[in-house]
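One structure, as structure tokens, below. Some questions next.
In this document, chain identifiers A, B, C and D correspond to the written order of the chains, with residue numbering beginning at 1 in each.
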Amino acid sequence: MNNETTDIEEGEEELFTPVDPDEMRAAFHKKSRALKDKVTTVKKAVSELIHDGDYLAVGGFGHVRIPTAILYEIVRQNKKNLGMAGHTSIYDSDLLATSGCLNRCDISYVIGYEIRGLSASARRAFESGKIKVTDWSNGALAWRFFAASAGLSFIPTRILLGTDTFKRSAAKTVTCPFTGKKYAALPALYPDVGIIHVHRADTYGNCQIDDGILISDTYLARASRRLIITTEELVPHEEIRANPQATVIPYWCVDAVVEVPYGSHPGNMPGKYWFDEDFFKMYLQGVKTEEGTKKLYDEYIYGVDDFHEYIDKIGGTEKMMELRNIEKLIFSRT
Amino acid sequence: MNNETTDIEEGEEELFTPVDPDEMRAAFHKKSRALKDKVTTVKKAVSELIHDGDYLAVGGFGHVRIPTAILYEIVRQNKKNLGMAGHTSIYDSDLLATSGCLNRCDISYVIGYEIRGLSASARRAFESGKIKVTDWSNGALAWRFFAASAGLSFIPTRILLGTDTFKRSAAKTVTCPFTGKKYAALPALYPDVGIIHVHRADTYGNCQIDDGILISDTYLARASRRLIITTEELVPHEEIRANPQATVIPYWCVDAVVEVPYGSHPGNMPGKYWFDEDFFKMYLQGVKTEEGTKKLYDEYIYGVDDFHEYIDKIGGTEKMMELRNIEKLIFSRT
Amino acid sequence: MSADYNPLELLVCVASRIIEDNSTAFVGTGVPMAATMLAQKLHCPNVTAIFEAGGVAPILPGLPISVGDSRTSHKGFMASTMNDIMETAQRGMVDYGFLGGAQIDMYGNLNSTMIGDDYRKPKVRFPGSGGANDIGSLCWRTVVITPMDTRRFVEKVDFVTTPGYLTGKGAREKAGLPLGSGPYKVITNLAILGYDEETCRMRIESVNPGVTIEDVHKNCGFELLEAPQIEKTHEPTEEELRILREEVDPDGYIIRR
Amino acid sequence: MSADYNPLELLVCVASRIIEDNSTAFVGTGVPMAATMLAQKLHCPNVTAIFEAGGVAPILPGLPISVGDSRTSHKGFMASTMNDIMETAQRGMVDYGFLGGAQIDMYGNLNSTMIGDDYRKPKVRFPGSGGANDIGSLCWRTVVITPMDTRRFVEKVDFVTTPGYLTGKGAREKAGLPLGSGPYKVITNLAILGYDEETCRMRIESVNPGVTIEDVHKNCGFELLEAPQIEKTHEPTEEELRILREEVDPDGYIIRR
């Protein structure tokens, strides 16, 4: 047995989620393994599985393969004091921050819309002082989900070191017992609720994502205490069994399944439909002012009853066919 | 900055492979990223890429999806002082141990043939004192490959702890900087050469495995300094591009590609052919004595020039059709 | 009066009965596989079988020969990696794990590595842990299925391959193993054994048909405790035997070895 | 005499020239994407573009809008996870990474997090690291593409989001970052900047057409070193401009913003 003294450096910001692997094992122990019909509605999934104060993680890439229907419903039900992993986060974190649902956020990327510029309302929200933040990077949150999915409390990595991103994170350092080298130890991230939109799911919750760009969704799904799936299409169980190699989230991770066609609008759904750039343009223009923001949210979220009504409002199946044509290179509008 | 004193427990056996992530980054830095034709022969792949003293890692599950042609050729070229990850290892480690090619082995599972019993020759070899061993578990080696594929020197896990498997490993313990909990720190495993059999590869080395039972092959492939792929079928590059989501090993990991139809015989190749149980029965019977072993190896390895000749010897395409019929449930012999 | 059966058939039937429905179970080849299939066809239609190489919940076209072969994912829910499966267990999502071994001690510690007193010069070398250490470390409840005699049930195993309760109560936790996990039952040809909660020592819970408590003690190399009330193991029913022989293992791969 | 071009076109053309064939490059949206596509169509047919969300080497049917959108894996070699991609970089398999930022200092440290002196009350909050810290930590050579002025090129960035050479030679290694990795070039509308090997400080290596060395110094908020010999940046060629405008970005998404 060796005796080793190590200096541990520590990020100074708050760690929003628990890391004890035994506490989380106890939670997962209680999670049902029953093969049962988990199909429900957006309304019920949100009211029954998401509580004020919960910490959320959203799948996809923020404006690609996002569970928009669940996000709108969270806003509509006016959930309060939510936390969130702002991982590759675009429209998702904007909605929750702008609507006032969010009070804390692990940030790797928020506010920005990649080459489209920034969301003024998200910036206002994140500059308001009402949302506590802790900074990370995309890789950091990806690995934090991995560590949780593997039932650990931390994982060593070679990022963040030497920067203010480390200082304003809740990471620590750890020394490799083999090489003596210093690593950034990232705390596992176990969300209370994960929300993921997929191409295909059966009623038990076995999920398949067609294009293979999984970001960190397989890990996020496994790491979450509760998991809500929206799917473009519910399929018979036998269709899942026909291609087990395509299943990326097994049923035992899943608590609710909701069929939501066009469910990633205005986001891209790989192989199904392209971004609705007209919508994003209108949105980013609208949120420049408080009034514009209120008008937009009244029109598209508070003022509609469900996602079917929303899809009608944005142009219905005709619009969605147009976006499909761009995505599938049938016609290109640009 | 905190000051923390930690007791590190250590396994007592030898660590056969390097763990320094910067040493390995330097090696990977030099690895070619060229998109070039990597197709070669079994003979050349083995003579050019595997050297006496190298440490090998073999994909598949030991008698499922194994690169038999490469294993036979290593024996035929009489490579010496090889090391090996005995991970879920069955026919692969038996061949290298029995033939005297092996002088060190990280063991998680060797000698045994699951429900078929044990290989007497592998047991003789591993009891001879000529092979240095260090013990682990299947999970341990799986995670050691992961750690290497992620460019780390270690990963924390909750296995091995408290057992002689830990004591006879080269693991250490590490304390979580967040919870204070003790983990088994497993050293990354970077093999000199990885050898994997796949369903489909293009000439650059992009690989697809149909059934999705990947064991740890994606990590093993990424962790290896050099990687030899045998494939049931070489396909045009465009076939890979038609399904990027099915690619599990990218070309940049790969140094050589060899097309070897029936290349997992006598092992199972998922979706293609079942185990050759007649061959395994004959083999396990034969290796009970030194003479029987010599006869078998002379007949099926030293006495044949290449894998085509071997396939002829075990019954040719007729036999392989029979094994395909069992695998694909066209006819069942048992 | 029940039908005739052999000791392997008894083991499979008894093992199948302790599996709970709507649970997840790590399944190995051999008896555990047959027991899980039997349970699925009787009282556990919704037990999810997980194979360490990556297969999940296959519709088995026949008994797998390997935990990595193509039957383990045939029409399954998912085909994945060993890493994913082990991580699932480490996260606390796998309820049952089945194990065997050459030696077992009173705390359920298992040896499948070697016989002898010098690791570097073993008298007999066995395959090693395989997935056993992982299963014994990470699953909530581990079940050992093994024949019982004094060579197998020993005071001290030559090598602790897989952790049982190690040196007794609290030792797993102290070593860093997950809280609340550990040995659950030992199913043998003579008796069903469990563990005393206070001491974590093995105890007799049920004796098999035609076996006395005395027989069980005689075939054990260490002092076995006794449960407050020792049951009699139910014989295999005709239905169990019929399904086992006709549907689960018609070729006798497991039960007529 | 070359054709007319705008500053963005110059940036894309200059950036495309420093990419080497048979290398791997982390590609973000915007200028880096256009530069990589342009390089591929000219001198680097075999550069492999890698996207942080999981896409590898797509045949782009149009410019991606996001590093996670469906175009990033369209007919690619592989579609994978962000974890796999980041692990690939951490292992040392990614040669180039492209970055931007609101502020940069003389050691190439980048700020894309906030302006102000109180983290908890920022004057301006930016998106944050995204993949930038990962790319700047793990790739062998990082290339920054940015317009040059004294607001961006500052003595001290308000927040080190992404590591350059931190406080100078040896600082990256001391912090625990991978050996031998770090900033390589800064491509601006005025000049191509590199780093002095001894001090790891930024230096002028080449000035763009119509720009004087004096102009470059005037537009920098810290003292820039000068390479022993300062080159003149070649203007975009007609071929570069034609391919850029007709094939890479016909809709002007990047070059006519």
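Following the convention adopted for this analysis, a contact is a pair of C-beta atoms (placed from the backbone, for glycine too) under 8 Å apart; a residue touches a chain by one contact, two chains touch by 3 or more.
Computed from a prediction, not measured in an experiment: that's the story for all the values here.
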Labels of chains that are neighbours to subunit A and to subunit C | B
What is the chain whose Cα centre is as far as it gets from that of subunit D?
-> C
Here the gap between subunit B and subunit C, centre to centre from mean Cα coordinates and rounded to Å, is 28
Rounded Å distance between subunit A and subunit B, as computed from the means of their C-alpha atoms | 37
With chain centres defined as C-alpha means, what is the inter-centre distance between subunit C and subunit D in Å?
-> 57
Can you list the subunit C residues in contact with two or more other chains?
-> 55, 73, 78-80, 90, 138, 178
Residue numbers in subunit A touching two or more further chains are 21-22, 151-152, 157-158, 173, 181, 183, 211-213, 218, 244-245
For this assembly, give the contact graph shape among line, ring, star, complete and other.
-> other
Chains touch one another in the pairs A-B, A-C, A-D, B-C, B-D
Using the touch rule from the top, collect the residues of subunit D that touch subunit A in their complex.
-> 29-30, 52-55, 61-62, 65-70, 72-73, 78-83, 86, 90, 109, 113, 119-122, 124-134, 137-138, 159-163, 166, 171-172, 174-178, 251, 253-254, 257
Residues of subunit C defined as touching subunit A within the complex | 22-24, 46, 48, 55-56, 58-59, 73, 75-80, 84, 87-93, 95, 138, 140, 178-180
Listed in rising order, the residues of subunit A that touch subunit B in the complex are 1-10, 15, 19-22, 151-158, 172-174, 176-179, 181, 183, 185, 187, 210-213, 244-246
In the complex with subunit C, residue positions of subunit A that touch it | 21-22, 24-29, 31-35, 148-152, 204, 206, 218, 222, 240-242, 244-245, 247-248, 250-252
State the interface residues of subunit B toward subunit C in the complex, per the touch definition above.
-> 60-64, 86, 88, 90, 107-112, 114-116, 118, 123, 126-127, 129, 135-140, 142-143, 146, 157-165, 168, 173, 181-184, 211-216, 218-219, 268-271, 274-275, 277, 327, 329, 332, 334
